[in-house]
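Next come two complexes built around chain A: one with chain B, the other with chain C.
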Partner chain A sequence: MGTLESPYECVIFGGETLKSTLRLVLSFLLINFRDRFVFFMNIILPVIFLILFGSIFGKGGAQKPTTALYSDVNVKVGANFVRLANVPSKDEVKNLKYDVVIVAINNRIDVYVKSPIDLAQGEFEFFRLAYASAKSEKKVVEVREHKLNIGHSISELKYTILGVITISFLSIGLNAGVRIYSDYVRYGLFKRFSVTPIDPLRLALGVGSAQVITGLLSSALNVLLSLILFGENLFVPLNTLWAYLLVVIAAIMINLALGILLSLLFKKAAPSLSQLVFTIFIFFSGVYFPVSILPSYLRVVTYLTPPRYVHLLLQKIYGIETVNWSHFLLICIAFISFGAMMTGLATRKFLQMSDTA
Partner chain B sequence: MRKNLRTVLRVENLRKYYGSIKAVDGVSFIVEKGQLVSILGPNGAGKTTTIEIIEGLRTPDHGTIEYFGTFNTITNEVKERLGVCFQENFFFEELTVLETLKLYSSLYNRSLPLNEIITMFDLEESLKKRVRHLSGGQKQRLAVALAFVNDPELVLLDEPTVGLDPHARHHLWDVIKHFKSLGKSIILTTHYMDEAHQLSDMVYIMDSGKIIAWGSPQELITSSGLNAVIEFPATHAHLFEETVVTGDVAIISTPDAPGAIKRLLDVGVENFIVRHPTLEDVFLKLTGRRID
Partner chain C sequence: MPKVWFGRDLVVLDGLYKQLFLRSKEAIFWLVVFPTILFLILTSIFGNVEQNVTVKVAIIGESEILERAFSGIQQISPKFFPYSKKEKIKEYLKALERETFDVLVVLPEGFDAIYSRALLLRRTKFFKPVTVEVHYIPVRDGSKLAFEMVRGILDTLDVQDRVEMVIHNLSTRRVDYNNFIFPGVVGMAWLSVYLFGFMNDMLWLNRRKMIKRLSVSPFNLLKIYLFVAIVNLTSLVLGISILTFVAWLKGVDVVSYLPSLIFNSLISALVLTFLTLAVLVFENRSSAIVAFEQIFFQVQMFAGGFYFPLKQIPSFVQVVARFLPITYTVDSVRKVMGLNSIANNHYLVPLVYLLISISVVITGMKKFHKFEG
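Right after this comes the complex of A and B.
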């Protein structure tokens, strides 16, 4: 018979302890779905946002591609075309934030397609004729199309739905952090745990896992509703399911850590402050409203909001090149590590003696 | 000191000060296997602080605690063998009674069959009720039930019957007596004299952080030297020398009850009560005031 080498194997995965960890997860999960306020914030509010923003952005019809143009002659083009001052190199073409880049030089038109959104053919034909005319060429100039496999842009609807999912993760993690590590501590629920032989790691695992499952269920509901209500298919392909799971865990853990931080720093004021933080994050993370509406000195705040990064990670899963895979993993690992550290430390702290008169 | 294998808890010279407040000031006592020990005292006497030090929720400034003859600190092994009911109990309001019992019993390696606990604490009807919908009495029963889920050897009950109606109190007494008969050791803090008298093998009377008297209920009463106790209106307190006045009532303890009654009747006092002395009278004699 083998022996367990790591004490944690014994703590977390031993028969009885596994049972008790699952019981903790189930208990926190039941609370998430039975507490009216928590249920509203975690499940109902994201659905309201989904319907609200989906209705606004879902009626836009077919998405028009953004097109950049460099032409060696001055021709009239549609308003959808953005003129480039210099000839872009191939690398620059790849980095330009446009769906289509057109480079027209010496009677040749190179069309670089970076997005699956179809090139607005009418506008392009208009340009081609105008260019040929300007070049005094009666025949059609040479046109070459280059498909660049560098991801694609995202529709406003899809962007918004991912924003809704991002905010639901914020709500779940933040509220759990504050509820468990501020309210439960104040109301003596941690005191009850303190007199049991519970391992802090097991309790932290129970708390974290229940929130992650809630996050998965909430996001699944929003994905399903966006398909039913707006025909937007956001089902995650099986080959990226691991990445989706990783993002959910990372998102929940970083927001949980944030809630814990508020609880540790502000104690009784933490619940009110968490609502303030929630509201600020909705406005400043750029997941619903474009950051461009903010004054430039305020835009830096965006970089301090975890939902911004979670939103980028979610877009990556749907093929938008917001970050490369190594950055993707780095952000996930950083969020999960920080969340796990904060949850573990806070659980240990609150399970220890409370020595006030 | 000679070790007694029957001793499950030994508390020696426990002190806990908060600034100038001496919450616990040199408390010592022992609890033996199968014994019910009551710590009796008014609010603020230091009972809860003492219990919370034993539970490991507070660190003492001085003194030692020995659990089960082996452990000097509160390890997980000690917690496995300890049952706790707090003075104020909070639960996850959205869980049902059954879910709450399952949750807490899952935290221990050893537990009593839940059916047994449910029947014993009369929780059958409220099993599927969420805790938020329970009455105060039902919550209190659940709180005490949780102290027994792990089949503990030593149970700490801090004011377990506060807020219960007389019927529920007596039911809980029966349950406590049952566990005691199974060889469990119990520490009970209370400010109900009748509770301490009914249940305890040993009573420690605590006041201002100190234990001021101890013994079995009968020993305490006997050693106090109290005889018959007579209660009468405080307006006639001047009739006797050693009268203690609490509110509208004057109380005397006298070896000459007929003589005292005659004096009262002589001055026209007819509304008086003659009774045997109780622990309350012992406390009154020791401190000069009633416990509540």
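Right after this comes the complex of A and C.
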């Protein structure tokens, strides 16, 4: 390694300094693969989630019917209904394995609810409308439908896979922030760095780049597995590859900043708190569960979670008009700037602290 | 002599209790407090899904008939705008795009009068249906659902009242999602205590070379495992007690659950204690153990029917769930309320796990005692 006159006079992309920066990136990258916990959270857990949620929403795992229906007219119903050929007797109703049995004859609908769980009454009301509609011989109101085209749709499976990728970015950034700026500070990593001519910018760049590379590898693995296991092609077209890279960098940087913030505020308790934040974000970011099912007061919370924005940005890359391009760029720049600022400041702070200690 | 032994045992137990539980804020938080937090999170999300899901319908034009029809349906939140606003249709379409509402209905001027006339002339050759424009965004699920509901109402304005609907509840009791989720969160607490509590405690004793030191003392090593298990059982009891209290406040029928809850907690504690010990016989590297803990925890929690009825989960996931022991004990707790997905044989798989784990622990005990290497 070349010697430097002053640690702060280095040119990052010049000669030996570039080599040593790359070595730093490689070292932090190796940590992500050698530390089994980090490796599990960053690489294996997203794959497990992909297989689990993919099976639930994928082609092979169609929703199981929960309602049996006999109707004297052909009513349009969803996939959770199974049609009966004959009117079931009361004993047959009791013996059928479905949670609900509906018998609709001569303008009368009998709904037999067998499950003790309070089921959505709205579903029954919806069926009543559909039945009444099917019964209506001559419609007094003619509905003229106008479909507003705002781009193409995304399947439930694709939505979930993008959610899995979003959560893997959260895991990578958050864990790196907490590990490096809380655990490794205690283990004396920065103390060791402080006796070398390394400057904070280069170190911060090493930390950030290693996480971005991990994010790219993890998302590439999930995209590949989605194709192999579920036949869902999520490969990014070449013309939007720049946008994908930008989202990965933005996602990693904002989550890294979050991990750093937890480390600075809670120090030793940061690893535990990061797991709590991780759990809360999974449920409240609308990544796995649609935001629409949340109570209105909790919907506001979703706007405080970075995964919500990352998920919207990822959908945009696949042609869903979740945000316009100017907002897309604005969010990315804001996330990257905040992440870079936090990483730089925290690295400088810990290097200086170790230096003076 | 027995008195001396008893006194020494208490000192060790007291020490372990302070070290592994009282002084560990993480243990208190994750093993005692977190199950209650998770319960509150899940019930706030899924507890009132139906009330939370309402479709917003914007209607340009006045109509008392439609107001009456919409008022009978809880899931629809209608907002009427004067007909004069029709000129600003582009702004309304922009609002539809921005998800200010889910569907936009444009009524003809004087809808009620035109509708009544059409109804009167229905069976004559002078009949002309009333045209209503409905705008929606098909790629959005909420908008599509709103459109289907609005179309259903408009299609059946004249016949809706003629269709009678009677709901027969065949189950003797009615319970909400909070009652369903409660055993699932208890299951999560069992897993947390034995995977992240007991197992990590054993690793900690190993790292601190406690087992090595005790193995050369007259202290029976089996007792130390028992004491660590007791300390963790205390966190489990505390955690489940707080959870049960909060669940009771949220309307869960905890009294009916209690006997089954206690019995299945003991069964689960027994199975998980020996299962984790058996794993420790084979593996003692903390990084590998952490990976095992996370994999077992996540797969058991998400595939094991903790949060959704097992029978509604796809077959592939069900097969995985049926190989996991805690799937059965959680389902067994639910059985008292008739919320179970597995009909019978709730203890066969846990028993198999227990017998295999005990055999592994007995045969591998020597290795286990020396596992710090």
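Everything below uses one rule, namely that the second predicted complex is superposed on the first by the 252 of 357 C-alpha atoms of A that agree within 3 Å, B and C clash if a C-alpha of one lies under 4 Å from a C-alpha of the other, contacts with A are read in each partner's own complex, and residues count from 1 in each chain.
Keep this in mind: a residue touches a chain if its C-beta (ideal position, glycine included) is under 8 Å from a C-beta of that chain, and two chains touch if they have at least 3 such contacts.
The structure displayed is predicted, hence computed values, not measured ones.
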| item | value |
| --- | --- |
| Partner chain(s) touched by A:Ser272 [first = chain B, second = chain C, both, neither] | second |
| First, second, both or neither for A:Gly188, with chain B first and chain C second | first |
| Residues of chain A touched, compared between chain B and chain C (which is higher) | C |
| Which superposed partner A:Ser20 touches (first chain B, second chain C, both, neither) | first |
| Partner chain in contact with A:Tyr112 - chain B first, chain C second, else both or neither | second |
| Which of chain B and chain C A:Ile31 touches, first, second, both or neither | first |
| Which of chain B and chain C A:Ala334 touches, first, second, both or neither | neither |
| First (chain B), second (chain C), both or neither touched by A:Leu241 | neither |
| Touched partner set for A:Leu45, first chain B, second chain C, both or neither | second |
| Chain C-contacting residues of chain A that also contact chain B | 35 |
| Touching residues on chain A, where the partner in the complex is chain C | 35-37, 39-41, 44-45, 48-49, 52, 55-56, 60-64, 66, 93-94, 107-118, 120-122, 124-126, 128-133, 135-136, 138-148, 150-154, 269, 272, 275-276, 279-280, 283-284, 289-290, 292-296, 298, 320 |
| Chain B contact footprint on chain A (complex, rising order) | 16, 19-20, 23-24, 27, 30-31, 34-35, 187-189, 191-198, 353-355, 357 |
| Interface residues, chain C side, partner chain A - complex | 25-26, 29-30, 34, 37-38, 41-42, 44-46, 48-53, 73-75, 93, 96-97, 115, 118-119, 122, 127, 129-139, 141-142, 147-160, 162-177, 179-180, 287-288, 290-291, 294-295, 298-299, 302-303, 309, 311-317, 337-339 |
| Complex interface listing, chain B residues touching chain A | 18, 21, 23, 55-59, 76-77, 79-80, 82, 84, 86, 88-95, 99, 102-104, 106-109, 130, 146, 150 |
